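These notes open a run of structures that come right after.
Next come two complexes built around chain A: one with chain B, the other with chain C.
This part shows the complex of A and B:
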């Protein structure tokens, strides 16, 4: 019964370990959820959400083909965005409750080093070049990291609002490229190379500009205090 | 000789052990210790991904684990600075 559902190309190893990994993932999820149910304080619950996210990864990874890889990547990014957003909400709520302001980045060190002003040009160029070469999701993350390094380490502040809007527009247009690429895959399969590159480069631009925007927003927040 | 399934079991054991450590482990009242304990579970998940040949997923998991840890540390430090109950 089960064997007829599983496609022929799934290796025997994945099939033999599937139920073990699935039950292991469910046990981890159960432990994490018990922890969340027992805990009262918000930040502890947020930390335990990480455990449940890892259980989700195990359950998805148990599928074991390219499908699992394709599902894990967005899962990880969504988890990251969720933890980022909820931690910000927690902090701002506590700030409003106690009516005090805190530093944006609690750093014991003063990171005012000479290398932060001279090296970033080169490192950012290297990272962006490598990211464009990689293309796709990973390339977008690498290129975005380059943009973040460049933006965070520059002393020059106050990027014009036009530039911010422009980065947002690039992100939107690349989203369209990605969707067009996906549509072409189904409508005209003979142009698969074109649609592959549309999707890969669209995703590259999308992720890179998103991560770059995070860096720009963080820098703007730095200057405001 | 080189049993591949062994690594799935080791990864699962590590992730179950790590999640128990994060929920009931010693000193988890301190959120920093709890955050570090979740790393054990994430190493277990990394082993599972390694066994299943998911290179991209493994690399992204390592990157996001580092970023999540940084975000949580920053949130904990700021909450303690405010004087909230952490």
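This part shows the complex of A and C:
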């Protein structure tokens, strides 16, 4: 990193770590590539490719400014989208080869755990309640986990699963809430508490419905002829 | 090199905070061409491949189903818009994002086909695209580390240092892999062997346009 573009208040120690982090990222990527070159099974290659993606995040994060932080999030999203697209291709190919159809939330393993039959509804309710209490991104993930546990437990017990068609609509509305909250921050800064809660609620609903949606989307993809 | 000397006279800038779009005849030409092509795709219908059967006078038609047609048309339009965005952008990082989006959408266009060979090559292309995310994003981040900016109009005024030349070459590897050109073309060529011509063609067209634009970016920043 050129010394003249780094502000004076940044300690020399942090400046000197840039090249270390850069080499670290490249070494991680190299290890991942060696693994890809040696591995023959498709699913293993896909998992190993993710290591190269993580090395990309290390290289971007090594810069350590707020602009590079702005690069990390899209980089992570792109990485996730790519790995999901490729695994979709892989699933679609294997389905085509075997010519089979699968059920809702296909599970390769038989999940025969006690937790799925004793009190799954209570755990799901607890998780959703705790998620609402947390709010924001973390809360959304916790509440979404509750929804997934509920769906899984019903699947394990052999009960019919209620497919919520409106989940997609909730996701869209919460997206609007988030954007309105964000705009209010700029237009009317005095109502910052309102906009904060709008954004937090929007994110909560968004992430929770996203995680809940995964199962529903999966069935649609498998049902495709 | 200065911005004015490439792609004709500078016709003006659109300042959007940190992101400054700059317009010159080359960008506008590429932008309008890809948008016209996208509009044509949005209106067109897919072709039906006809294969002659061996030993008889019958023929075998390979058509695209309605659902698959809609799915593919949507992704092809997204791909066209992303390419148009990459043509007009004045920010190095936006360019890498559009590039990555084109890579994902290219995989998506062929994700619903029935031929196993096409899915196989799409899988190989996807792996290459994902591995090339490292040089693409890493190169952009290293340019940021070397110069402190990602705006092309700023980068054009900064004299090229050895670090920037290295970063630009790393980014070139990334763009080559993401768009699937010369050294990586073998994996992508098989993807075209499926019915649905205009939508499949945008995979090819987007990578051609991206390369033209990236060469222009390289000449601008170095």
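The criterion applied here is as follows: the second predicted complex is superposed on the first by the 116 of 225 C-alpha atoms of A that agree within 3 Å, B and C clash if a C-alpha of one lies under 4 Å from a C-alpha of the other, contacts with A are read in each partner's own complex, and residues count from 1 in each chain.
In this text, a residue touches a chain if its C-beta (ideal position, glycine included) is under 8 Å from a C-beta of that chain, and two chains touch if they have at least 3 such contacts.
All values derive from a computational prediction rather than experimental measurement.
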Which superposed partner A:68 touches (first chain B, second chain C, both, neither): both
Partner chain in contact with A:5 - chain B first, chain C second, else both or neither: second
Partner chain in contact with A:45 - chain B first, chain C second, else both or neither: second
Partner chain(s) touched by A:80 [first = chain B, second = chain C, both, neither]: first
Contact residues common to both interfaces of chain A (with chain B and with chain C): 46, 50, 55, 68, 79, 83, 90, 97
Parts of chain A lying in touch with chain B, wherever the complex brings them together: 13-14, 16-17, 20-21, 24, 27-28, 31-32, 34-35, 38, 41, 43-44, 46-48, 50-51, 54-55, 57-58, 61, 64, 68-69, 72-73, 76-77, 79-80, 83-84, 87, 90-91, 94-95, 97-98, 100, 102-103, 105-106, 137-138, 141
Footprint of chain A on chain B - complex, ascending: 4-5, 8-9, 12, 15-16, 18-20, 22-24, 31, 34-35, 38, 41-42, 44-45, 48-49, 52, 54, 56-57, 59-61, 63-64, 67-68, 71-72, 74-79, 81-86
Touch list for chain C against partner chain A, complex: 65, 67, 93, 97, 100-101, 103-104, 107-108, 111-112, 114, 116, 119-120, 122-123, 126-127, 129-131, 133-134, 137-138, 140-142, 144-148, 150, 161, 163
Parts of chain A lying in touch with chain C, wherever the complex brings them together: 1-2, 5, 18, 22, 25, 29, 33, 36, 42, 45-46, 49-50, 52-53, 55-56, 59-60, 62-63, 65, 67-68, 71, 74-75, 78-79, 81-83, 85-86, 88-90, 92-93, 96-97, 224-225
